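The structures come next, written out as structure tokens.
Two complexes follow with chain A in common, the first pairing it with chain B and the second with chain C.
Entry: the complex of A and B
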């Protein structure tokens, strides 16, 4: 089953390119430990999901590129074409001649409706190329102006057009020290709109990825390309083919659907985060060996201490003792900065994957009281290794990890809104104060729901 | 096992009872168990047979009293078997369930699915508090499961369409014209072909056994008559009530009382309406009586026609059950069988009926909720985002 990706704005297009590239390179990575037949099945599964075939054999990404100015799209298209590995469709992109001043409301209320039909036709064409559609990825930034506003509009449109198909928005959470003064307004508007029309919001935090580049990958001058590659690696480790069941050797037909069924069935809890282990530069990789026990121990601690990478983990944070009544358990967790999960999906790839001991993740103390580990925890195991890592683990979790950042953004936005600062930029293009209030209400509800786990 | 039942004489009692319990289990269990490891223990099989027969209305109480260890009762079990055989086309039904299917099939109605009991529902202790978030989680899982199922179904159909159109003209049977997935696999993978051949051969053996049974059937019935005659006359039949678990008894009484109250209410309303109607109509002439009778007759006929149409699955003339998919060129009349457009139309009308029923039930739920809320002052309902 295929996934159609909608790349929105500068952010979405640059990341989208890296994602397709990472998927392609991994699926063609020479594998010493897998049989030829297995490799071919893996490649075919990845290819069917993310690429379509053209006559001369060069795979075409199942993607639609949208931006209000041509520069980034042209760069992306040529980068893909030059690589010689895969490319974008000739008529899969939509852009305008000039941008429009980085304004969320303009993107949502003006660009959106004006270009609705053209964008819809592009997406429709891409959908028709699929034998069967699993759903959509929408890659966009959260705090940007036009791209984010347009992204919110496009997601809503997809909800109306393809109500049975799944939608996952890959959202880029901005740096805490962002430059755009209205980025908090943009963030809350984007999030609240997406919460209503999307099925899952997979959040990638720029700060976290930046740290990974600096500390783990040892990159001195971190460019956007480096950040995007780490991000793409994370996504690839989740969505590359996995076996459909323990003991099966067929690859899962619908990973997006299975992931959503396991992680985001509750309409109030849609925020997901990804953690990967190990992550390191290629040079270091040659000198490292890993055990599943070590990897999983670190990953578990990353989860409960809300660490984003395997360095600098706070090992003091422990799960609470069992037997406490749930209310006091909640306040204790808060004091201890313990990150409670609702549900977790662990994806293991590589050598001896079936020997990995998962008991640590089945501990009820990790989870909220109303969902038992047997329902809350799922694991996908595949022998075929990912990228150059002999063993690798990815954890997609629905947990409290975003509560603090979200609360902070809502708080800052509210302070600005209380003095009506810059609100006219939005009301000028049809986003009324009512819409702001609705967004605040929805996000406060989300924060409250996650806090009372 | 089939032909052997006829061949066994009324001797070797002790070996027959367990065999008959097993036979009845296989006949009555919802899906014929292919995998021997999945069979429950003989006592459990016997319990299942007893409950299945009871639910189908088996009239002889002696069966219920049989010990479940298989030490006795072969005569009673034989009678049960013959009762099942006499009731309906048991043999044909079983053969149809396990026959080898060469074509790509799709059901056109839900009868089979609705009739089978399905997996047992997990027992959940509803005494304690249930966190509403857990319920919402489960509802959400169901919704996603449904969406994923629809997507899988679409994929299945798209791929079937591809196989059918690519293999146009390959089938030796002109009325079919193209290959099914099984047939295409046959050509692609010789090992699969050999397995299919083995399955067809065992199906042939089953059919031959069935034919042999038919040849000897008369003897069987004559023999069963003697068996029945040889049974001691039944004592006064105790009323055969199904066992109700203790907790259920209280709830059952509640429901019975509610039903009683409803019935009395209905009766009262009907009486007043009828009286009012009679009062209005009473003064009219004898000609009216004739018209009344005629309209009553017309209504009755329409009602029976509606019922029949509903039972037949929305008016489909063909029998129920799975149908083989055959793709034909646009414009050609094709052979016998249902047209996809007719099936789609019938299914759409069923869908509309079910949606109307769902809306009505939702309305009732909302009214009930409103009533409950009204009883508790000071409540504010906050709907989740997206509602």
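Entry: the complex of A and C
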């Protein structure tokens, strides 16, 4: 089954390119550990998922590119074409001239309705190229105007048009210290709308990825390109083909569906995050060896201490003792900064993948009480290694990891809203104070729900 | 389309002597538009005789030049850029406005309204997508101040959705035009009401900046030299003789300001910033739309060759009072919002490192503690590796307004020269009193904000929800 990607705004398009590139390069990576047959099946599955039939032998990404100004799309299209590896469809992009001015209201209320039909047609064309559609992957930022506002509009549209297909929004959480001054307003409006129309929100935080680039990849002058490549690597490790229950050579057909089924048991809890291990520069990789025990021990601690990378983990944080009544367990957890999960999906790739011991992740102490670990925890194992890592693990979790960042954004937006600063820029285009208040209310609810896990 | 890629600007060049600015501004525009196209670059400037007509004729400024005297406009149309300007996009008269806002606004305003509208519509037709207007004028004279602000109203009525950016040159303390306080206050009211965004500039600050560059160049330190065979020889040539013709060098700075402002809209980068984002991010309340600008490094403003300094120094300088284009000290006042527009080989980590470093020494209003807007454009100014434009919505702009009001009141109390204004049809004393109250209201807003400077930042109680 195929996934159609919708790239929105500068962020969405820049990341989208890196994602397709990472997927392609990985699927064509020479593999010493897998058999030829295994590898070919992997490549075929990846291709079916993300690329369509080649004309002249060059695969075409299953993607629709949307932006309200032309520079980024032009750059993205030509970068892909120049790579010689794959490219975007000739008529798969839609752009305008003037941008959205970082204004969520403009993206949602002006560009949305104005270009609804054109965008819908583009997506329709891409969907028709698929033999069978698994769902949509929508890449967007929260801070700007197009990705955020138009992204929210398009997602809503997809919900109406393709009510049977799944939608996963890949959201970029902006840096805490401003990229855009009105980023908090744009973020709360985006999140509240997506919460109603999307099936799952896969969140990447710029601050976290930036630290990975600095500490793990040892990059000195970090550019957005570096950040996007790390992100693409993380997404690739999740979305590249994985064996289904039938075992080797049978790759999972419906990755989105399976992912949602495992991770989003309740519509009130839709925020997902990815942690990846190992992550390092090529130079360091040459001198490193890994064991599954070591990798998984780190990954588990990263989960419960809410660390985003394998350096600087707080090993003091431990799961609470069993047998405590649930209310005091909750407040104890909060004190201990313990990150409670609703559900976890572990994706293991590489050598000796079946020997990995997963007991640590089945501990009921990691999870909230209303799901048994057997339902809350799932693992997908694939022998075929990912990228240059002999062994790698990705953990997709639905946990409390975003509570603090979300709370911060809501708090800052609330302070700004109280002074009414910038609100005139939104009311100008039809987003009224009540819309803001609705968004605040919804998100406070989300924060409260996650807090009381 | 002569501006590569996206959205477009129509420039209205208004006043004298500022019309001279058109030269360096457009030169840079041409130079930046086609980097690497040697014949165009080298021929454009200063040389006079060897202009390759064909090449220049293919580019036309999206501009309307307006002056109520002919001298300056004629100079432009006979100068090296004559082919760039469309001679049909001119509105001139012969008598001038006599440094009288009322003549510019009321007399010439009504006389030329139709013609102005016609030329605007013509220019707008040539645009695929009209995003904003740049109005460039001075506040102290008659035409730029009066007719310029009249124009703002026309733009607002005719093109209500198009942003109006105004670059205004405010009179310095020792301005030689006696009635400049009257003109400025009357113009301020219009700016308050009809501009989306104003970038105030004053001549004294420009002069000081030029002096500083001169010091760096002539001290011979650090191996600085004016580049030989430089791309924009007229500016460098200008620079050498800047004491004779200071306005050329000063106008160069303003031209650079506008270039930097539009660079992210014209060129690619990893974090683009369009012009409509400036207003969105930097104008929290409609009336507080005055932005203090600074350009660093200074040497990018004149064609001097300085070995690249530490990148971080560029960021520090942007906040120093010596680099601001008006007399202002943003570091010791309150920030409402700040934009950093970087050009060249600078990455997001450099930007973030410097914001973290400089943040503690700056005071931001309580509801906008992280009030930073940033952009990264990959293309640096011609011949340089990087540059930075900082735009601040900061209460440091208040002293300029307070001084202006003081100078106005001194004149108005004595009713000096008032009759020149009142004799114009449509002018009454109420025009003056209304203009003064408009300015006073603005100053009060800034005062109120300043009063919050020392208050501790408190989080407000949040919405409570049932769990």
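Following the convention adopted for this analysis, the second predicted complex is superposed on the first by the 447 of 453 C-alpha atoms of A that agree within 3 Å, B and C clash if a C-alpha of one lies under 4 Å from a C-alpha of the other, contacts with A are read in each partner's own complex, and residues count from 1 in each chain.
Basically, a residue touches a chain if its C-beta (ideal position, glycine included) is under 8 Å from a C-beta of that chain, and two chains touch if they have at least 3 such contacts.
Predicted model, so just to flag it, every value in this text is computed and none were measured.
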Next item on the list: Return fit or clash for chain B versus chain C, each positioned on chain A through the superposition.
Entry: fit
Notebook entry, point to check: A:405 contacts which: chain B (first), chain C (second), both, neither?
Noted result: neither
Next item on the list: Using the superposition on chain A described above, determine whether A:445 touches chain B (first), chain C (second), both, or neither.
Entry: both
Check: Regarding the shared-chain residue A:72, is it in contact with chain B (first), chain C (second), both, or neither?
Finding: second
Next item on the list: Name the contact category of A:421: first (chain B only), second (chain C only), both, or neither.
Entry: second
Check: Who does A:360 touch here: chain B (first), chain C (second), both, or neither?
Finding: neither
Checklist line | Contacts of A:164 with chain B and chain C, given as first, second, both or neither | finding: first
Margin query: Quick check for you: in the superposed arrangement, does A:373 touch first (chain B), second (chain C), both or neither?
Written below: neither
Check: Hey, is it chain B or chain C that touches more of chain A?
Finding: C
Note to self: Could you work out the angle between chain B and chain C as seen from chain A, using CA centres and rounding to the nearest 10 degrees?
What the structure shows: 140
Check: Between chain B (first) and chain C (second), which, if any, makes contact with A:294: first, second, both or neither?
Finding: neither
Margin query: For the superposed arrangement, tell me the lowest C-alpha distance between chain B and chain C in Å.
Written below: 8
Notebook entry, point to check: Once the complexes are superposed, what residues of chain A are shared between the chain B interface and the chain C interface?
Noted result: 445
Next item on the list: Could you please specify the touching residues of chain A with respect to chain C in the complex?
Entry: 10, 14, 69-72, 74-75, 96-103, 145, 175-182, 210, 213-214, 219-225, 227, 410-412, 414-416, 418-422, 424-425, 437, 440-441, 444-445, 448-449, 452
Next item on the list: Within their complex, state which residues of chain B touch chain A.
Entry: 131, 133-134, 136-141, 143-145, 147-148, 150-152, 154-155, 158-159, 162, 382, 384-386
Checklist line | chain B-facing residues of chain A, complex | finding: 1, 131-134, 164-166, 195-196, 253-254, 257-258, 260-261, 264-268, 369-371, 375, 442, 445-446
Next item on the list: Please give the residue numbers of chain C that touch chain A in the complex, ascending.
Entry: 5-7, 128-129, 131, 267-268, 270-272, 274, 276-277, 279-286, 336-337, 347-350, 352, 355-356, 359, 366-374, 376, 459-460, 462-465, 467
